[in-house]
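In the two assemblies presented below, subunit A is common to both, partnered first by subunit B and then by subunit C.
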Partner chain A sequence: MERRRFETHVTSTGFKLPSIHEFPALFCFQPFSSARSNQEDIWTRLILSYARHRRLFTLCADDAEKPSSDWHEVLSNERIKRKLTGQQVTTLLQTLVSRNQAAYEPPKQLSSVILYWRKPEEWAEVLHSWAVATGQLNTIMTFYEIQNPAIESDLTDIPSGLLRRAITILTKTQRAQFIEGGDGDGVRFFSGN
Partner chain B sequence: MRRGVGLAAFERHKADIQSYATLSDSLSRQSLDTLQSQLSQFRAKLKEFAALHREEIRKNPEFRASFQQMCTNIGVDPLAGPQKGGWWAELLGMGDWQYELGVQIVDICVGKREQNGGMIEMDELIRLLSQLRGIPTADSDSSGSTGKAPQDVGAITEDDVLRSIKTLKPLGAGYEVVNIGSRRMVRSVVKELDMDQATILDIAASIGGKVWPDLVAGAANWPVERAVAALDNMLLRDGLCWMDDQDEDAPVVYWVMSVLQFE
Partner chain C sequence: MEAHGTAIDGSIAVPALLYPDETLLGDQDGVGLYEGNNKAPNHQLGSIHVTSHRLIYIDTIHPRRRSLEFELRRITQTEFYAGFLTSSAKITLFFQPPNTNLGGGSQQDRETTFRWECEICGNVNVYTGLVPPSACQLCGIPRAANKPPQPEATTQPRDIPTSHSSYLSPGHSRSDNAQLACSICTFLNHPSLRNCEMCGTPLPKRTNAPDALGPSRVNKSAPASRPSSPESKENINILKISFRRGGDKAFYATLKTALEAKVWDVVEPQAKAKNRTGIHGLVELRRNEVESTQTNMDTALTDLEALMNQAGEMVALAEEFNRVLMEHEAQRQQLPEDAQFIISSSMARLGLTSPVLATTNATDAKEEGWLEDLAKQLAVVLTGAKGGSGGGLMHARGMIALDEVWGAWNRVRGVSLIPPSTFMQVLPLLSQHTNPPVLTRAFHSNLKVVHTPWYSQREFTPRLLAFLEAAGPKSTVQVAQQESIAVGLIAEMIAAAEQEGRVVRDEESEGMAGKEIKWWPNYFEGYVWDGD
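Let's turn to the complex of A and B:
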């Protein structure tokens, strides 16, 4: 018999799943330690690249259980009738956080994270470049304006927690300043040279 | 020189020949010494150069390529450090090509080890090697013209792999070729594969990689406990299998990684 061969698959959202996603045992956590760490590498890489592909910022443990979830085509594979459990996703969240590829959001719970498919430092640069390019220096902006710009940007829908982290990084180089406002948070950007 | 006659002349002639031989010996030794010292000077300079430009060599691929080309021409590996270990060719009797292939074999075996527990099928290894070397493989150009000789573009053969693995022996890395049934596999971990595991590998290879205790017991004519024990050793001790507990065929099935192929 020919060797069993697993093929890549392109999903309905145009994401190319690696061939190992067709492998049933990928959905069962392995007892052998090096296989297990290999498996967690595969999953975390897959989660981050899918998040980047669809611009998904959050991942929750119960995303595995809901067919309507944005994550459905990655956390489960209907072609081979396999899916991760909420428990398994919780474990992967922990791995992501321990590698600084995600942070629990809100803090002090273990079932949902913000994914860092860009590091907060990179988001800080994206944010500042955007402010410069769109002529927003020295004016006060609300978070809402950054998250819902008239012209869609890389920052559209960025979660407030991540936005705050990026701004905090900019404040350290005097390129931004938090403004406490009556209705929601604000920020002012500076050229910083 | 007057040509003498008699025994004395014969003796003198013999002495002459001897002294000529000594002279020529010492002359060629001298030139050999000079050559040797020139060569070692050259090597020292080359190492100096390598040390000086180490960063550049690491960062700039073009610079690295031409530098390595120059080095391999004269049998020096300056990147291997200051010890004598740098002289690959001398130490291991490897040509540059063989050495390079050896490194790539190690690269692939180590890279796949976490997944397959250190066992890889020869065909699969050759396929990955070809991929790494940018050689079109049988299945990558199957869509195009058919029946093209694979030798065209420096294809890797099983023989090349066998020879490279042999030259890796002095490194003590434990690379070995083992026959499992009709298949050849390359093992990159120093571990004894027992008879039961070999039997299971053979069964798995013949039916597409997925096995479970009842199936193995039936095929090998073993009691089920023996199959369970052997499979658990492969799974838990040697990392040769991945398990799946959602399969329809059995509560737990075992996938033997080294007989699977991931695109």
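Let's turn to the complex of A and C:
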């Protein structure tokens, strides 16, 4: 029998999968804790880095089952004929949330999360520096303007929930203010210190 | 006709005439009866029915008065005459002489029918067979509590006094019918009862009179006194049935079947009639149980003691046998090599070279030495005799489950078996008497085994990892083949390695035979991230 050397693999979206992704045991959750925590480390890191690469904000349990999903090339490995089940992804979501690397979105369900490949605090900084850089201080902006700016930014398509959380962090240091509007929420940024 | 037939009321439908254990097999109408060669004038038109026990002739003209029944068991021979021209087909039946005792030495004659009325519920019980039912068919009260049978038919039990003077009609009040007081519960019982009505205790026997409630002597058949002509004496035992409307062949076949079946001879093995009612019955039942238990225990203990006594002799005998064999070493040289091996190794295998007997009076001081001896013996069983040709239980196997070892050891001992508790005491001593030491191990699942050092986890895990590295992922069965150990045991070993985080599992999701787990070395450990 061959002693298989695992190799990294670059996907069609340009993501370089780690060599461990070819290890079949990665797709079978280990029953004993030492191997299991190693396995979970690998999965959370893989998910977050892939999310950062593709700018994916959400992960659902369904993503494992749908070949059309953005996550398909990570959650399954057709070269070794292995894939995660929805059940396993749900378990991973739980792990991510417990490690504060994701939050259930919408809350009070267990099958879909917002991934924190940047923490809300980091997003707050990104948001503020973007506002400063594009000269949006002291003007009122809608969420839509932030999510769909004329020039693409890091904040393009950021989910409203995450955006709201980042703004909430900024309001604590008086660098932003929520504006209650009739047709959608708005925000006003301040320069701060 | 009356010699063999009994008058019955033919106006009743035939199925209603049948007794509970009797079945109707066939019938034919348009028949007439002959006594010997002569027509029986009163029985010339009727239907004949054959049942499992009887032939029943129902007269068409006067069913009430002229119907007859014949018992099949009295028929000794049958003949069939197919008929010729105007002569109808006939079946000839040869009967035993009417006063022949058919009971085969039984005290009771074969009374045709008994009817007795249950005193408790008034149900009229009817039976025909040899063995009267022991209890009322309706209420289940034993017949002993009822009156003795009152045969209404031809004959009666012979042991009943025949004196007509003692006959009293049932219900007639007797001068000596003082009620009997039960010795236990003092209930005043009806004098005819044998057991107390309340508690079932046997009542004291009445000494003054024979069983005065004997059966009525209505004896309809009177063969001895019956006047008969000389020629009818010959023909008295012959009955012919003439089939004037055919159906003779089918009827004859049915009759033959019924005669061959001899349903009346088949007596069901009846359970020993016990009086199970009342306090007396319960007390008796309990006493019987205690007695039988006691008997069983005594027998068992006697056997055991005898066995213990024999054990020593058997061992001495075996040793003697072995010694003689050794003495004849010279002669044995001529034996083929195989035979020599079998003789010598079988003795070693039997463990008879140094048998250790379980002694019941072993003191604590002795006990330790005894356990040592047992451990030595077990060591021989497992690893073979010292310097011998090997052949122990672990000769080819490195790991054996404890239950198998225990069973094998006791099989070798044959006598004076070792209980599991002692076995467990011996096990820790085992490693001192074996080389290489035989170790004991309990797996996570509580399965206990003995194994050689080669199969300790410390040796096994690196070996397993090396095997997996070299040969790729393997299933449990493949590892078991590689290690030549039972699959169940290797599964435990791998599970232990998995628990230590040395191997990881990969479940192949879509296998032909369900899921199969392949084992991999734990590549998670020490993995350095090499992706994005």
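Everything that follows uses one rule, which is that the second predicted complex is superposed on the first by the 190 of 193 C-alpha atoms of A that agree within 3 Å, B and C clash if a C-alpha of one lies under 4 Å from a C-alpha of the other, contacts with A are read in each partner's own complex, and residues count from 1 in each chain.
Definition applied: a residue touches a chain if its C-beta (ideal position, glycine included) is under 8 Å from a C-beta of that chain, and two chains touch if they have at least 3 such contacts.
Nothing here was measured: the structure is a model prediction, and the numbers come from that model.
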Room on subunit A for both subunit B and subunit C (clash or fit): clash
Partner chain in contact with A:5 - subunit B first, subunit C second, else both or neither: first
Contacts of A:53 with subunit B and subunit C, given as first, second, both or neither: second
Which of subunit B and subunit C A:152 touches, first, second, both or neither: neither
More subunit A residues in contact - subunit B or subunit C: C
Which superposed partner A:30 touches (first subunit B, second subunit C, both, neither): both
Which of subunit B and subunit C A:19 touches, first, second, both or neither: both
Subunit B versus subunit C as contact partner of A:180, first or second or both or neither: neither
Subunit B versus subunit C as contact partner of A:38, first or second or both or neither: both
Subunit A residues contacted in one complex by subunit B, in the other by subunit C: 1, 3-4, 6, 8, 18-20, 23-28, 30-32, 34-35, 38-39, 82
Of all residues in subunit A, those that touch subunit C in their complex: 1-4, 6, 8, 15-21, 23-28, 30-32, 34-35, 38-39, 42, 45-46, 49-50, 53, 82
Residues of subunit A that touch subunit B when the two form their complex: 1, 3-8, 18-20, 23-28, 30-32, 34-35, 37-39, 81-82
List of subunit C residues in touch with subunit A within their complex: 469-473, 498-501, 504-509, 518, 520, 522-525, 527, 529-532
Residues of subunit B touching subunit A in the complex: 113-115, 117, 121, 123-124, 205-210, 235-236, 239, 242-247, 255, 259-263
